[in-house]
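Next come two complexes, and both contain chain A; in the first it sits with chain B, in the second with chain C.
Right, the complex of A and B next:
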């Protein structure tokens, strides 16, 4: 059995940019399974928190620690960006790209990419340039690229932003299947309905700090802070 | 206008009759320029990509100098190469002065900054798009540069063609280091300069038209071979 890269521990992590604190101090532990939804208003630090966990941001204070050696930690996590990064390649080659980095030969990587594309319902012509995909297809392509290495932990930064309801439903179905297959998911969203549908746990951020961390039902039944309550109710915060 | 018409007529005549003198200097022009472009691309493209991807001390100044070198005066380059390759120079023992090799060296010096600077700009834009993805996927430095060069190949071809365009029309440096020796180092541009000096404007114009046609033909051939601007390709 492959040993887990979890738990991830953030210990008093703080990020500053241009002399301004943009995140933290944040202390939390990510472990177990399921989907953690990161909620919070614009500018609360959701994206920064996800990027910090994934290792894309430089931490100014505190520590983020995964379990295991660095190469395995990098190889066993993936990130889906809010705006899909479209490489100037065919859809199939975009999806196969992580395997090509791992040294898998082109043919095998493309065969595996076709399987993953089918599993996410990507029906577009796989040999067409990625640039011609629709919004929903682009996000599916990004998901397929993230899933091709079968990550243990998957980060998604508002993957359904700007998608219609049908595309959102498809993405959510893929995420539920991925979660059920054993992948730990951490995802930010603005969509309260989506958080209710998908979350096992909720992290609520305000002003760069995690001010609430709870199981989904507990969070929605009785948010412990006025900010979270206002966010759920759609109230305007001063 | 009469000279222009005569030039066009002569150009057609030289082409139709496949004039041996014309074929020789055209072939030499292509040989010198394509060799210089290939070598300068092999240096300039990875250099541009490396500068785009890496952060290092004095990077800003390196970019500024690279951009400034795009405007290197060919006559000065020719003079410097001449001094280095002349008998009394440090590389005089190689006996390269007044050979096509000397002309290639001068052209490489002139066009490498052009290719590196344009490719740096193209790769920098692509790097901005790919940065987070490549870091997230834990691509090594070598893999990042290889990916950017491959995915940016259309823009990089433009960089190489810009270098080719500059080199094929270059006269000052190759006149100095090549000497415009008949059957040895004469190329289209130096022949044009010679005919203009002799007052044969019609022949000079004819060679000029052929030079322009040659530059267009090489550009077209590369675009067709690489399949740009075709249907769903980019």
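Right, the complex of A and C next:
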């Protein structure tokens, strides 16, 4: 059995850029299973928090600690960005790319990529250049690329921004299947309805700090802060 | 003010050695200047030839523009395609290879993108792009910048987005920026070894032949710019391709590592 890279512990993590605090101090533990949805207004630090957890940002104070050695931690997590970077190659080769980097031969990697592509409903365009994909298809491809190594932890930064309702529903269905298959998911969104549909837990950020952390039902039944209440209700904050 | 202090405080400067019988001007790249090799070569050039070489330290693109304008007598740069066009355009009489070093990929020691596991430079770049890990680009049309862009193209990636920061500065300043934000950066080995503010950065990828970094000497064409000091430029070329230059170039080390390999061929 493969040992877990969880828990991830953030201990008083703080990020500063250009003399300005952009995140923190944040202390939290990511463990267990399910989907954690990160909510908060623009500029609250959602993307920075996800990137910090994934190890992409320099921490100025505090510590972020995964369980296990760095190589395994890196290999066992994946990130889906709001705007994926597209490589000038076919859809199938883009999806297969992480396996190719792992040294898997091209044929085996492409076979596995085709399986994962099918699992996310992306089948008709596999030999086409990735650049021609629609927004929804790009996110499916990006998801497939993230899932091809069966990550234990998957981060998604507003993956459904700018997608229509049908594409959003498809992405959400994929995420629920992925969660049910055992992948721990942490995802940011601006969409309150999506948070209600997907979340097991909610982290609510305001001004770079996590000001609420709760199970979904408890959060939506009675948010404990005026900021979270206003966000849920769509109120304008001064 | 010391040589290094000057480099740290101005982006382009005239670097003059002690007064000599004859002076000439040569545009060189920031990566060459940052390597520290100039401080070894210039005094010996003056001693052996009587020529005081003033260096204008800029990126390759700007160096070639200075040459095309006749503002310098020669250039020592590293961007082959641009150099060959420079010769084809009649701005230089010829191109002569002098020495090479190599480029490397530097990044945060934790390597969040996993670049060190790559087997080729283009894979290392694609890995960084896929992770959208912060990457600092020279973005200054220098030879290093051109080489970086060639690797992005080979990787099939058009770098853009918040993660890709083109700073439009020389190698030392770009390395400082990368160190400040724990970003990946494409650098020449000499500048990296000479860089004193490494922070949490580490050398993560090296050794791909695609990272070969050839320096070539280009004497500005006197037919196009009659005022250039062609005889001095020729004397400097002879010195740069001499056994004396070979010994100094290959004997120059930082932290025990040889930075440049002399590969000038007889004409």
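As a working rule, the second predicted complex is superposed on the first by the 237 of 238 C-alpha atoms of A that agree within 3 Å, B and C clash if a C-alpha of one lies under 4 Å from a C-alpha of the other, contacts with A are read in each partner's own complex, and residues count from 1 in each chain.
Here, contacts are C-beta pairs under 8 Å (C-beta built on N, C-alpha and C of every residue); 3 or more make two chains touch, one makes a residue touch a chain.
Here the structure is a predicted model, which means the values were calculated and not measured.
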item: Fit or clash - chain C, chain B, common chain A; value: clash
item: Touching partner for A:114 - first (chain B), second (chain C), both, neither; value: neither
item: Touched partner set for A:58, first chain B, second chain C, both or neither; value: second
item: Which superposed partner A:85 touches (first chain B, second chain C, both, neither); value: both
item: Partner chain(s) touched by A:169 [first = chain B, second = chain C, both, neither]; value: neither
item: Partner chain(s) touched by A:230 [first = chain B, second = chain C, both, neither]; value: neither
item: Partner chain in contact with A:132 - chain B first, chain C second, else both or neither; value: first
item: Superposed model, chain B segment overlapping chain C, candidates 6-14, 42-50, 186-194 or 204-212; value: 42-50
item: Overlap of the chain B and chain C footprints on chain A, listed as residue numbers; value: 54, 56, 71, 74-75, 79, 81, 85, 87-89, 97-98, 101
item: Interfacial residue positions of chain C with respect to chain A in the complex; value: 108, 110-114, 117-118, 123, 126-127, 129-134, 155-159, 161, 181-182, 200
item: Interface residues, chain B side, partner chain A - complex; value: 126, 129-130, 132-133, 135-139, 143, 147, 151-152, 154, 232-234
item: Of all residues in chain A, those that touch chain C in their complex; value: 17, 54-58, 70-71, 74-75, 79, 81, 83, 85, 87-89, 97-98, 100-101, 145
item: Touching residues (chain side chain A, partner chain B) in the complex; value: 54, 56, 71, 74-75, 78-79, 81, 85, 87-89, 97-98, 101, 128-129, 131-132
